[in-house]
């Protein structure tokens, strides 16, 4: 990941909150001991977050070697060794929890995304989008995990796309006025409008926007929306997206569905580190 | 929360990742419009995170008024207004998602903690501890949410208590040697040792440590450990703690159980913001 | 300007580089003296940067009062008082240069932008875009000044829009392949492609991109490009844009022209501060 | 440049404002492609800013190699290759604009300074000083560029020299009182006083200050000031310094002239990057 | 020292306050000269702070080589060469003062600690603790120096142990209530209570706390306290600890004494750097 | 103190190192209790550091009121109340140690400086200068304390004055060459040269430098140096300055003496905080 100044900062914060004034337990290990460690994934999961683990150990001690046993994005079976580490024993123990916390979180997001994407792929052409409902401070990391899981990123934040909602329309006087104002001010920016009824959809279809969000539409209304739109403008169904209704949503032929569930909830992947001190040194 | 420099920083990072170079959509709202907003909790949940929402709007615009409808730690019924806000309409919309992301996350952690604590309370005297398995960058915030939910914090990080595990024992030569080294170096520090068998427990009981962790003991072995220990040293059961076996764990009379599940997984609370522009201004 | 964390930081850096370990000359002024100051604009210019001056004095001493004599974006005649300040005399002198440096720079950018925009408006419908050729560290401030001057911002950076150039096309194998890859990965992102010949334009017109950049086209070729395109996709002329050929460019009917000249060069506006110590205090 | 912590920070900010959450277009380039790039200077200019370009690529990817074709401070003919780069293709494209923005700005300042210095050298012994009228956030960088262009730095900021102006004199009661106070408080600090008339100059000449600034003196008055002073104290002419009157100013024999024009205005040097992907990799 | 992010930051701040906008004198040395330097300790002292000197030169120029002539913690005779450095002459001179300031401060703290510890060792079994009375910004560095000098760290700050004093007791209603509240909220935290009389000691002995602080007890009362306590709970004598009464304090058999004197006062060690320019380069 | 961004940062670091993840003991105090506190100075001392205490409590809780009983720079008798505070009881206890650590350190430096200055004043006209031998991270704070104690600041760091020493002379070839190079490059900068013999002084007197440092001169040689110099250039005696020989040094009539002793050693002033909880609240 190029110039990830934000990733370096994320790791720095995580190490600081765990280590703070110093790892007291580490002093029980001779400071020149070396060790081997393996990280084992206990669940079936999508590998995600290798750059974070690399960065954890780079910040602690650049002489630690990290040997990945799989590629970022790979589907990993349960009870698989995903990574081998080698180096100073104290440092390996000091960094263990921070490294695993990143992996278990990002693999959790990538894995649930992957499940949603597979379910959608099996039943239609609809693509899965994420939202801005993310864990505070981990927006970019989770957006990355969504991509690794096969999902597509909706806007990263308030700065890279415009979503015109009810309040903006009310303030502008009409949907037309709101869209025109947005296009005039930000002609290089992706503009999406949110509609709540098929009637509003008809209005939106006459405005050259980049996508229309069908907010809390029933499955039946989504079907009708797709029929009306005829591919003229991409449609995104949002609201009440659950794993259980992905089949039905996919069948509507809507271009995109978006859901906060893949990033606001988290089922962490179960990981553990097996650790062997080099006996001749310890 | 006193001098929470870390809380101020957490909010700053969250706003930065969402707003970045600027909220483009906000420009569709007249910059002097005012509005009223209510935050509604859609789930039954424990209120947690009021200082974070307060700080979000303090950083964006200190003239926004925030009127909480419940106290931190209250159990909130579903579909309850928990907070009313009033002030500049653009700012309310700009801060909405960051504020809700903090609340949904922290209320999620407080609520699951509360459920575990209630289940334990109903069946025994065992107390619930958290772990260092947390969301990267949110350690202190989640530790706080655990307290709000009625749980008790285990060590915050590597810096405020010593946990002697298998590797430390191996490196030191024996459990006795490891404990003695820790006590000599850090006589003001809480020292806990991890044991994997009842035999190891017997050894640990002869050392004046502050707590003994029973690592992955069966329910039967925990019963026996409690019987052997006779309250001499507090015991903590760790490993395989699930909501489903809390009843059984509580029945053993073990002093503490600890589980990563309450902080590494997250079921975000469902919140929404209802927004009304002041019509005479907009 | 909402939540301008970046603006606060910019001002902090500017004060730090000027004041450093302390303003030595200020110690010659009694520390409880007060003064009145006026900022006078010596050139005809567009007012820009009021939030920066406000922030300079807010950081130095929040009791300084600032009374603007014009609105942001106003055209100001030469030798006009644009601002009156009142408060601690030392602080006014300490902040003077940092405040004026921000104003002279941002007003310079807003003023030249305004001249370009007026020239274009007089001769056609073409809109003026800026570029990423900006003063290091002042990107967002200059983008703001361009808007105040009547220009329109092109992408802010590499993160909020895609511009497909020759190298991307070569790497992807063809323009079609590059566009398809971009659309698949970033379906919410504005995509522009750069073409160097009319032939390439023909190809680009068949791909649903958001804008086409005509790179270094002659005036004659821009005329032809507009004729071929028939408004199907917005066109942007780039390269060799000078104040002297804006008339001709505007006559072509091209939708946008973009130029680095308004932000990479700078003709600072001439400002001075007139200062009167309150005689009863000094 | 020794310990340039400030330079590292400047580059970090510039990369952050351009790359932010990530370079979207870079994803169109295979992530293991390599390329060659050349930076070409289109104008006659003074080379300045090599450390900034080096630092841009060091921060992005330390394996990029940079091969300078000229030395810092060299006069470069138009259409000269000044630098060759080699390495990861994505990274070269990601860093291009930030690197060029630094070079075009610093070379612009060095080049105009060099022109002023040459003009002065041709006509007298007068030395050229800069001022504190600089681009916010780029004070130290521009001060460096002035030195590279052959100019001499006036004080860096308010912290490293004292300039006693009208307001300080008024506050202290007299010029003598102001100078005495400054010398007593800061006996290691360079002290300069500003005079507005020949009469004031006479007074200043009797005080042991380090330099006297002739503020807005006519050419005739500068001649007379030099005659009166007889080299006793160095003189600096300030105000109304333009390239056009450098000849006349140089003829007066005044020791220094200072002008904000070389740092507050900017004529960026025209640079471009020629880029060749390594065909066997792309 | 593992992951000492705080150490890196301390060095960064020290270099910044000394070098700021640049080392002016360094420009008098040819920028490619190299030199040899030796650091000589003029006093008998305990070596402490090698990581700080290493970090000073690592930040300035990683090619400087540092060759320590003794180990951290060694007792060094007066007029001993403790370190040899080799590399760029400018950089060695630029970093000299910052490096020596760290060494003279940390060696000062380690050396006085060592003297106290030796005096105590000679007369009893009492251990020496430090306090939170430290130099602002240097808490962790001084705590480290105390350990190097043979002392033991009391709590690092307010976050890693609880000390219940008079005010906490008053607020809680009784010592029992305060201890119970502390134990319930923080069952993993070391809890110490402060008593001011033997009567209060009797009460405290009945509560299972981790240590009791005898605040300003006379030597006679400390003797009695030790007799009463019979090793049941460790005792710490605090207040009026001076080098002159260490003998008497040690004779009481109290477990710990704590004193702010070793960290709040400082007698810097006398160090100098001998410098030889490489003649063939200079 | 104007715009003391560095002071704000110093206080932030001190609070962070003491409070870290939170003040555990504070939780024993009801969070709405209020209290009165007095800070008592146990030693005869010079008041110094009021802005630091103010800033400590401003950062923790701006509603705390601080009522100073003396002015900065006053000489305070032992056992004097110097400050009364009022507000939230927890916050007063949380901030106590950080506030006192600043005061005891800065008052220590101001007080020793004051003693030196008084001794010098009694015996001559010589002024006292500090050096760059300071506590790492506290340079500006200590330089301020020296001024409060009546001393005069030598250069703040390497950036605001030039001191030409033996190595610079060797590198430049001669003292003349070194001075000429310094004056040409930095004509606004105070230049001092160090001489080690009377012969070198003779050479230095012929160069127009701003001050000459007599390095490790005997008292007899200082007398002679003053006689030779006849006030032509200010002289500074450095090396072997002790409180005991200030009388003799003052008698020589040398303009300045400089000593690291006042800032590298520290005898902290003894301060304590008396604390009364408001009984109706606690």
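The letters A, B, C, D, E and F name the chains in turn, as written, and every chain counts its residues from 1.
In the analysis below, a contact is a pair of C-beta atoms (placed from the backbone, for glycine too) under 8 Å apart; a residue touches a chain by one contact, two chains touch by 3 or more.
Predicted, not measured: the structure shown is a model, and the values here were computed from it.
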Query raised in the report: What chain is the most remote from chain C, judged by the mean position of CA atoms in each chain?
Result: E
Query raised in the report: How many degrees of rotation map chain B onto its copy chain F on CA atoms, rounded to the nearest 5?
Result: 120
**Report entry** Shared interface numbering between chain E and chain A [over half = same, under half = different]
**Finding:** different
**Report entry** Chain whose average C-alpha position is farthest from chain B's own
**Finding:** D
**Report entry** Mean-CA-position distance for chain E and chain D (Å)
**Finding:** 45
Requested in this report: Report, in whole Å, the distance between the mean C-alpha point of chain B and the mean C-alpha point of chain D.
Outcome: 52
Query raised in the report: How far is the middle of chain E from the middle of chain F, if each middle is the mean of its Cα atoms, in Å?
Result: 22
Report summary line: Contacts with two or more other chains occur in chain A at residues 6, 17, 19-23, 26, 94, 140, 156-157, 159-161, 185-186, 189
Query raised in the report: If you look only at chain A, which of its residues touch chain C in the complex?
Result: 127, 147, 152-156, 159-161, 185-190, 192, 210-211, 234, 256
Report task. Could you please specify the touching residues of chain F with respect to chain E in the complex? Result -> 6, 10, 13-14, 17-30, 33, 35, 89, 93-94, 97-98, 100-102, 104-105, 132-141, 156-165, 167-168, 170-172, 178, 181-182, 185-186, 189, 260, 264-268, 275, 277, 282
**Report entry** chain D residues within the chain E interface of the complex
**Finding:** 1-3, 5-6, 140, 143, 156-157, 160
Query raised in the report: Tell me, which parts of chain D touch chain A in their complex?
Result: 12, 15-16, 19, 21-23, 26, 59-61, 90-91, 94-95
Report summary line: So, in the complex, the side of chain D touching chain B is made of residues 17, 20-21
